[in-house]
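Here's the structure we're looking at; comments come further down.
Note that the chains take the letters A, B, C and D in the order they are written out, and that residue 1 is the start of every chain.
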């Protein structure tokens, strides 16, 4: 009677040097036995810091390894090999190891701590995982992370392309939310007000953050905070609608078409600008943040093919046939293709 | 194992004309029988709109009345007079009727819908109520609202002083959160990360909102959204720490001392600037928003007495002896009094 | 998606000598500061044991007193006088102090520990409290007890009439559940399957318990366990339907009519037998348990007036007009009155 | 503050002819699209009834098939082949299909409805599944069923051995609970009071049920109700301790040793009697129920080898090394072997 109930992360630490305190966060939550999965080559980079932090805090590491598989069959093997004394699973790295470790934890009903080493997307705080099921990339349900620990110091040292990817993914909430409202108005779904509010506060707080460089501590913290909040918005909504609209469909379509697609958030960012023009909604704000952060400069060097984006627009509605974004209507797909070829800003992106 | 669980409002509607849809919001939540409490004189102002909205949506109004009591004994009488068929309690108006109706709903374990008609504080979304218990104003526990419905059109038409009060209350999260971190670092409490994040996103999103007038629709919506989020942050934290620090203690002390205190958020706002200087934390941001919104101009006309604030600083720690804000240390109380008399901005406020 | 969620007591201790461990139970739950309410004259009887138990376990008693008020206005005064450091409220005694302390805890959102000293009804484990509101006995909502601690040693030493009252209240679940099924079949309500199952297991386990004397440890433990489960069944159902049917309406009617009614469970027990004959459902079982326990012998000595019961049958449906038990139909009220005067067993009870 | 929260089944229907109402139960819960898994050869037996029931209630069957795999890899394929429109997964049959369908539902985060066609164990209401992981039978975590629908008419028509297995599994709660108390007293674990109470009421209600034949409707209903409650007790406890003690370890050991073990509950039942003598706790009650139901007669015909049981006793503690039942102490293993060879009742079972 007192409203709805949602699951939220108990540990949510974003800031400089948080990795060094990982052990303390775990121990304060009453857990003493951990298993750790690192992304490829990351034991060399972070192994020592992590092990020392856990040891100092009195947390036993029952096992650790690098893992880059997102094949569901392999994850089952990994999950059921986890020591029965384990109380928590930690995943440290990029999207793949986070998804894999998150799923192993789900299969064992163990709490999961997500430690992203780049800001490339909001996957580190989402309740689902993108795995290979029968050879196809599939979004499978899992659970909200028990903890999120993001160290801005580490994220700053990752290549800039990951930060641009994160910026693109974060700004995309502008068009995603607008699609969600549209879908609700057309009667295809029902908005979750609180998820909407959380996602909106996350993106607004981010796009209005003053900064001098995208490596400013404050800017990176805002970016990561906002990405974390986005994942939580999905959990609240019970689906990805608050953070993934027509712009994500374009990116998913590109992933299917291209042998080597760009980073998720890079594709999503370009599609976000495109869709904001189509939706006639806050495209100036999108343009400003992409200009000021250097996102446009970055993507102009990528040698992108406008024909891919054209095809992706056509393919978009088939990616999620049960949804109803702007791109699910022919009128707006046509408009999107027109904008793609005629918008001055996009012309520069695609060098036409 | 998947983290903590929190209660959130199911209905959360902030925008132009939302009052007209009140009936639809209620009906869509599966409730058909309502009782409504209006603030004084508000039946004349909003009665017709509200009754029509509920009637059109098929919601029966089992009873309605104006109510301005916050005496707990009277509220008990009111609560247990509510028709046993009632499925929801609606409170429409300012702080008093919201608190009274919220408490009546709590006593009957009925869902409560909060319809604030001014933006003067975050009380409309908090889980507690400020009532008169044995003649003393007391914060008593209740439950998170099932719904929050704020109509910017109505809030815009309320006197400007309420908006200034809301601005002061919202900006106060800057110093309140800093006090909370301080308290945590000193070992007096344990931060709730997610509540901290929500409150921070709420205040940052608000203070960075571009606006031309404080009556801009967007500005008011951001203010109300952010106040709503603040109340929710408290619920998540299980207490008022995320939204109420040393600056609130000064205001509470003034309430005790003065026969006719200023509006809550007005006092809180002035104390927020003072404490931000004491904390040496984001005082420029606080000054900018108070300058740009006209908050400073407004308070300069109020004929405030600097001696009251001096006394309030001394009294502050005794208001909540179990907490440990900056003002709970003599060193910072002394500094606060020095700043009070020497800061150029405050000199203008107090005309000295 | 994984079913419903219900609140259950964390501490649930029924057995010999449990009172001596009260402090340990509280401390193990992480609480160190308690306030205690005793029923009238119970400080003399149990004060020392309780204080020693809490002291030995390291639990501070911030305050304790005897209390026999169930006036809601007085309980408010009591509730908001509770020390702000209190972490738990303990109520020790019969129905009144349990209800009063339970409600004070609810008003302060503190966990409540219920320590019944007699087995006279299932009130010690229910989520509601029977209070005086505007001079009328009213069932008001509160919350499920955090803990239930029942010491069979103490309950055994209470006068036998309380045990008979508890037996009557427990056996009443037979007719109450049958009424609930009837109400569901007639479309007036929707059964909660799990609450039904819990209540059924509670009563069946009890009525089938072998015993030599009603003061057998095992018998008393089964009685108390079953009464505790009944209260929990109500919480699960979100109302009193699983444990209170037509037989309770007769008892409530008698309470209204008579200057000095009998104990709740005594009246309920007699009405249970009556209604089981009316429902043509398990009346032999009811008769057997009342015969074997000596319940019939006990009530035969009470000098009851059959006319009161006749009037109570007529008044029954008006007690809860929104329900639909057998007694809400004229046909069954007529039958009940016929049974009342013609059943051989009842003739002996009323000496006609 | 108001105690703990647990998940419980929303639908819990045990009785004659419940299968015919399966569609109504599903539809009343607001679900319209189902997929159904039947045990081997069960489409012939129940397909028509089930399909008619769902069709009449307006529930679409998006897919149905027989399934006898409990290989986790195969279940993944099956789970991610489920139509994305599916809202509920139904499993109809014995232990294998229930476990498989339950797990497929878990992987897709869909509610699961458990429809057991025999009463052979409490698996139909447990939150875990017994699957083949890397060729080894492994208990993997899943979720509490959303619904349990057991039709006594169908269960009655299954071979008697399944009923005996269910009886054995149900009576085993007597020794399992005693082991749990022992483990708690020795400091190896912490009892969950409510789970203990639920399991105790379940077994006591069952063992005290009067009956003439094990195919009495009432007897079967009590058996199934009690088995359902046992599964729920596990969910509440967050593990299998309330329902699985030393007697289960013996059965698990036999499963490992023997090429063709007996039915789970048959082995468990014999071990329960053995352990109740070892624990010196309620062995007369166990003997009585096994005598009255014909369980002893049934097992005497099975040609069991006492040496297997002797070895199983020795192997028992290694099955669950982290627990601490009576059999985890050498003293009691020695006693168990002595009892095995010397108890008159067991001598008859093993024909020595």
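Assume a contact is a pair of C-beta atoms (placed from the backbone, for glycine too) under 8 Å apart; a residue touches a chain by one contact, two chains touch by 3 or more.
Source: prediction; values computed, not measured.
S.K.: Which other chains touch subunit C while also touching subunit D?
M.R.: Touching subunit C as well as subunit D, we find no chain at all.
S.K.: Hey, which one of C-D, A-D or B-C is the same interface as A-B, over half the contact pairs lining up?
M.R.: Most of the contact pairs in A-B are shared with C-D.
S.K.: How big is the gap, in whole Å, between where the Cα atoms of subunit B centre and where those of subunit D centre?
M.R.: 53
S.K.: Distance-wise, how many Å sit between the C-alpha centres of subunit B and subunit C, to the nearest whole number?
M.R.: 41
S.K.: Give the residues of subunit B touching no fewer than two other chains, as numbers and ranges.
M.R.: Expected reply: 5, 109.
S.K.: Return all touching chain pairs.
M.R.: A-B, A-D, B-C, C-D
S.K.: Under the touch definition given earlier, write down the residues of subunit C that touch subunit B in their complex.
M.R.: 72-73, 76-77, 80, 84-85, 107-109, 133-134, 138, 140-141, 322
S.K.: Using the touch definition up top, name the residues of subunit A that touch subunit B in the complex.
M.R.: 1-13, 109-111, 143-146, 193-194, 196-198, 200-202, 204-205, 208-210, 222, 225-226, 228-229, 232, 236
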